[in-house]
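Before anything else, here's the structure in question.
As written, the chain order gives the labels A, B and C, with residue 1 at the start of each chain.
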Amino acid sequence: MRTRLSAVAMRAGIVGLFACSFAVVPMTTGTVSATPAHAGGKYLVSFANLSGAWTTENFNPLIPSGADDFTRGAIYEPLMVITQAGGGRTYKWLATGTRWTNHKRTLIVSLRHHVRWSDGKPFTSKDVAFTFNYGKSHNVDLSGLMVSGQITSVKPQGKYAVRFNFKTVDTVVLQQLLSAVCIIPEHIWKNVKNPLTFANSHPVGTGPFTQVRDFTSQEYTLARNKYYWQKLHYAGIRVPAFNSNTSALASMVKGQVDWAPVYIPDAKKAWVDVNPKYYHYFYSPPTTPLDMMFNDQAYPYSLPVLRQAVSMSIKRGALSVKAENGYEKPARALGLSYLYPNWVDHSLDKLNNKLSTFNPKAAKKMLRKAHFKWHHGKLYDPKGKRVSLHLICPAGWSDWQVQLQILAKSLSHSLGINATYDFIDVNTWLADRSSRTMGGKYGALFGTESSGQTPYQYFWSFMSKESYFPVNGQIPGGSWNIEGWYNNQATKLLRQFRQTTNRKLQHRIVNQLQKIDLQNLPVITTVTQAQWYTWSTQHFVGFPTAKNYYAYGPGYSYPDVVKVLTSLRPR
Amino acid sequence: MKYLARRFGFYLLAFWVAVTLNFLLPRLEPGNPLQYLQIRYQAQLQQNPHLLDPLKPVFDTQHGNILIQYVQYLVNLAHLNFGVSFSQYPASVNTIIASALPWSLFLAGSSAILAFLLGTTLGVVVAWWRGKPFDLTVTPLTMFTQSFPAFFGAMLILYFVGVEAGWFPLNHAYDYGVQPGPYIFGLPWSWNFITSVFSHAAMPVAALLISSLGGWLLGMRSVMINTLSEDYVTMAEAKGLSTLRVMFMYAARNALLPQVTSLAITLGYALTSLVLIETVFSYPGLGYQLVNAVLARDYPLMQALFFIIAVAMLIANLIADLTYSLLDPRVGVRSGAR
Amino acid sequence: MTAQAVAFGGSSLEPAAASDALLAVTGLSVEYLTPRGPARAVQDVSFSLRPGEILGLAGESGCGKSTIAHATMRLIKDPGFITAGSIRFRDVEVLNMSSGALRDFRWRRVALVSQSAMNALNPVLPVGTQIVDALMAHERIGRRQARRRAEELFELVGIEPRRLRSYAHQLSGGMRQRSIIAMALALNPEVLIMDEPTTALDVVVQRDILQQIEDLQARFGFAILFITHDLSLLVELSTRIAVMYAGRLVEVAPAEELLMRPLHPYTKGLMNSFPSIDGANERLEGIPGAPPDLVSPPSGCAFHPRCPSCTGEDRSLYRLQTSSRPELQEVAPNHWVACHLYR
């Protein structure tokens, strides 16, 4: 997911300037010489993000201020790599299979044999059980399932299997359990009393590149793990520190970086055309769409017909082109349309099309039928009050700002809503978001829904009573049920979903959820969100591409990065 | 003496104000580092709402009586103990600063001194031959380069000199892998390392130079032109002194006073102007750390960096005050007379 | 015509050719460029200075006296230019000197005691250093030797040598003036140009300094071009006096002759402007009117708008006064005047 920091936009501005200069003066191609980076052996040069600041060796995989997800992926591996990329894929990794027993109250995960830690010690079921139990006892639970109590115990079963015992039947947590948790070695971490202050300067992992070399505050090297369980085709990775798009882009166009999670506006001109033979980008869709979220408990936005009318009165194409350079496609009213194409209920296509298409005339008709009225082109709700809307987003998040402007304009123009907008301090925005004041009673802000292996998480995050928190109460971090909407039937359906492993039943459930979604439109989609990344095939090949979309492309996507790092080959 | 005591009193007061503001600002600012992490780990948090739980006690330091916090803050400050960085937890702020400060001092110091020497000398020369071709080309040129923001110049340099021409390394303070070599007097003396450091500093220093040269030149030029009409300059010429001696010992030396004052202040300001330059060149100095600290709401690191900048500014002003009274004997008399 | 007689004159006269003249200025004109046009600060001035002589140059401020002092040492700076004339020192043309020769000529041959001692001293260098600078620019001597010479010079003008370390602002007005005189004497020059050396001082100090100048002159025998607006000073001090008005010489005479018999109405006016140095209680008359605009000076005699003798009673004289510029003429032995009244 694209990290949305206020500075991203600022950086984008700078890069825009920079990109323009590249566009005006095309680089001569083919003159980029081999850099010293690759002189000695085959080292991949890449980095996780544009806030590369490290002073001391800290490769702690359990806390966010430790190893970043890119480095974590080089050193620590999950049981399986499960990704939504390319329509959803699962790669067996440290685990080779799963099996439900005990009426789906117990999951048995079988492990890969002959895997060794980077210090030569064998990897066994005890390490896996330790990782989960340690996470619970030391409050560093990457799965969240131990702390929440969903998993009651984790025990090794022989050397190469692990038993996970569940409190209730829950089949949708596999991705969380298998893919989000990196396994740590018991023989190292059992001596770590406080994982918060443990810098883990000499990490021991099962990953491909574990050996920290030449660590400086501006760059370090991770050399190969000589005990790695797969064949490795190159010597290691080098991680340079950048904290601006400008700086990173300069190094990239000089061929000094192989793989970068960097957004370049006008990527064709500023990046690919510099060296069309090698330079590529893939602003990969789709993740969950960006949603406009009202306070659905505040009249008149509590009326589904108004939400539907709004959905039919916005030009998603304009939002995509004008705000996102067309890199983020217009969304469908049904948010899962692109993310879970195999789950879409095509019997709903007509309704989905209707709600996705800009048609203010039809929208007005719907409203009129629901006793909305217009005086001098201004919309009044059935209670006779002027319909207004105040849209907010953090100042400096420029693409969102453009979207807000377009939305406000088209809503007031086509529906006669008194739509205003404001760009506010990011911290105020955050506070508004978590207290759900939304800048006022009739406000709206942008957010996204969760996503997982199946559409379960997506619907759960905005339709289930379990994700719902009372409006005006503080919502916990991470929860995005900001609109304050839930549906009893949906809640029941979702509960049913996670208690079965029957795919057919699950499909039926999802079909019903789609219907509830379209009939109520708790949130209004605008554009699909993309992930930005670029790469150069000058030194390495095998990156995820549109054609071969085997994993998410940005290096900060854990655990996809594990799959990518082991799929790359030197040219 | 009384004058000096009063100045010191003033600086002490200014210091206290800076320190207190530094204490208050993060506390007045809405939001906290946890919220920043919530955005950053939004996707993971949707799966695991407990992901950030372990860090909560770490970041939640601002509780309890504000006065007690303030006293604690002052005590820590007195011990130069800035605590632990949030964004690079559990690295201490002092470690981060120790690694970044030398680079910023090097960049700020060398560019400020170069700009001062070059700008002032050029200012003397263009004033002496004012209205001549050299003056008519150099002066408007530096006014032009001075007029655009430092980071813009930095990007132009990065693009044309770094990317297009490829003359200098694009980022960082020295080539990765070059060993600093033996340390003598606390400084590394490996030839490879030193040349690497200088070639990496070339573009950032040039960027700072072109944005500050014009100021020095114009300042010196205008003061110098006034000074040149002074009787003692005519007298110096009448004495048959060489042009250089008249230009520098009699005219420039008097014209220099305001310049020297600004030099010290510039050195203080240089740290702040470094922020964008270091970002453009990913130069591992304080500015680089500051940008990351601000973005990550890393209050302990921010506080330490702002503290350093404030202290640098105060010291610079103090030095300017003292230098001024040293260089201009009349200041001493005025103060003595009080 | 005696040698002294040819020492003065306008362009109508033969150029000063006295072989015994140290400094011979002939037909000197200096202009300053102003937005309104050139200001003719000095026009067609000729004079010469013989060894050991004290020549007084008097006139109101702005009449071009200081310009003459600066021009003599080629110190006129943009926007001022020497437009005509010749300045010969011991028969060498100063205006043709190379920059090296000029540097050598300055101070060693001709030294300048400038108008305001406060401004003439570099405020950020100790006075001693400024003397040492002058010495070291001209002689191959070490700093310590130069320092000792400076000490001697200070003793000569009656200042404690330890004061060499002082800065200008730490000295009294009199001391400053004395240290400038000491500086001027550093290289034992043949000519001293003193531009209002005592103007800023009170009467008692003024007296002391003048006395000292006379003593030093008697001892070292340098010639002095003494420039002042205070004619009464010159009467006592100088051998001859030249009176200047609007950039031109209007009267030149031996000091006593001028005192006894001032001819030019302007000279007479000047005589009445100041109390005598004896402090005799005379009535100050002054000269009504303001000095002329040098960019567009009055036609005819530049003094005629202020001249008490330009009344128009005599029509032909008046026409002459307002349309024709009078030339310097020797109306009595060694007494030259440029005035239509003495034809």
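A few remarks follow.
Rule of thumb we're sticking to: a residue touches a chain if its C-beta (ideal position, glycine included) is under 8 Å from a C-beta of that chain, and two chains touch if they have at least 3 such contacts.
The structure presented is a predicted model; accordingly, all values stated were derived computationally and were not measured.
The touch graph of the protein chains shown is a line.
Relative to subunit B, the most remote chain by averaged C-alpha coordinates is C.
Of all chains present, the one whose mean CA position sits nearest the global mean of protein CA atoms is B. Inter-chain centre distance (subunit B to subunit C, centres taken as mean C-alpha positions): 54 Å.
Rounded to whole angstrom units, the spacing between the C-alpha centres of subunit A and subunit B is 39.
Taking each chain's centre as the mean of its C-alpha atoms, subunit A lies 91 Å from subunit C.
Across the assembly, subunit C contributes no residue in contact with two or more other chains. Per the touch definition, subunit C reaches subunit B in the complex via residues 70, 73, 75, 77-78, 99, 102-108, 111-112, 114-116, 119-125, 133-134, 137-138, 167, 169-170, 183.
Of all residues in subunit A, those touching subunit B in their complex are 1, 3-7, 14, 17-18, 21-22, 25, 27, 36, 51-56, 58, 62-66, 138-145, 147-148, 175-176, 180, 195-199, 214, 216-219, 238, 240-244, 246-248, 250-251, 253-254, 256, 425-428, 430-431, 434, 448-452, 457, 461, 476-480. If you check the complex, the residues on subunit B that touch subunit A are 29-31, 34-55, 58, 85-91, 95-96, 99-100, 151-152, 155-156, 158-159, 162-164, 166, 170-173, 175-177, 279-282, 284, 288-289, 291-293, 295-296. Within the complex formed with subunit C, the subunit B residues making contact are 131, 228, 230-232, 234-243, 245, 249-250, 253-254, 257, 327-330, 333.
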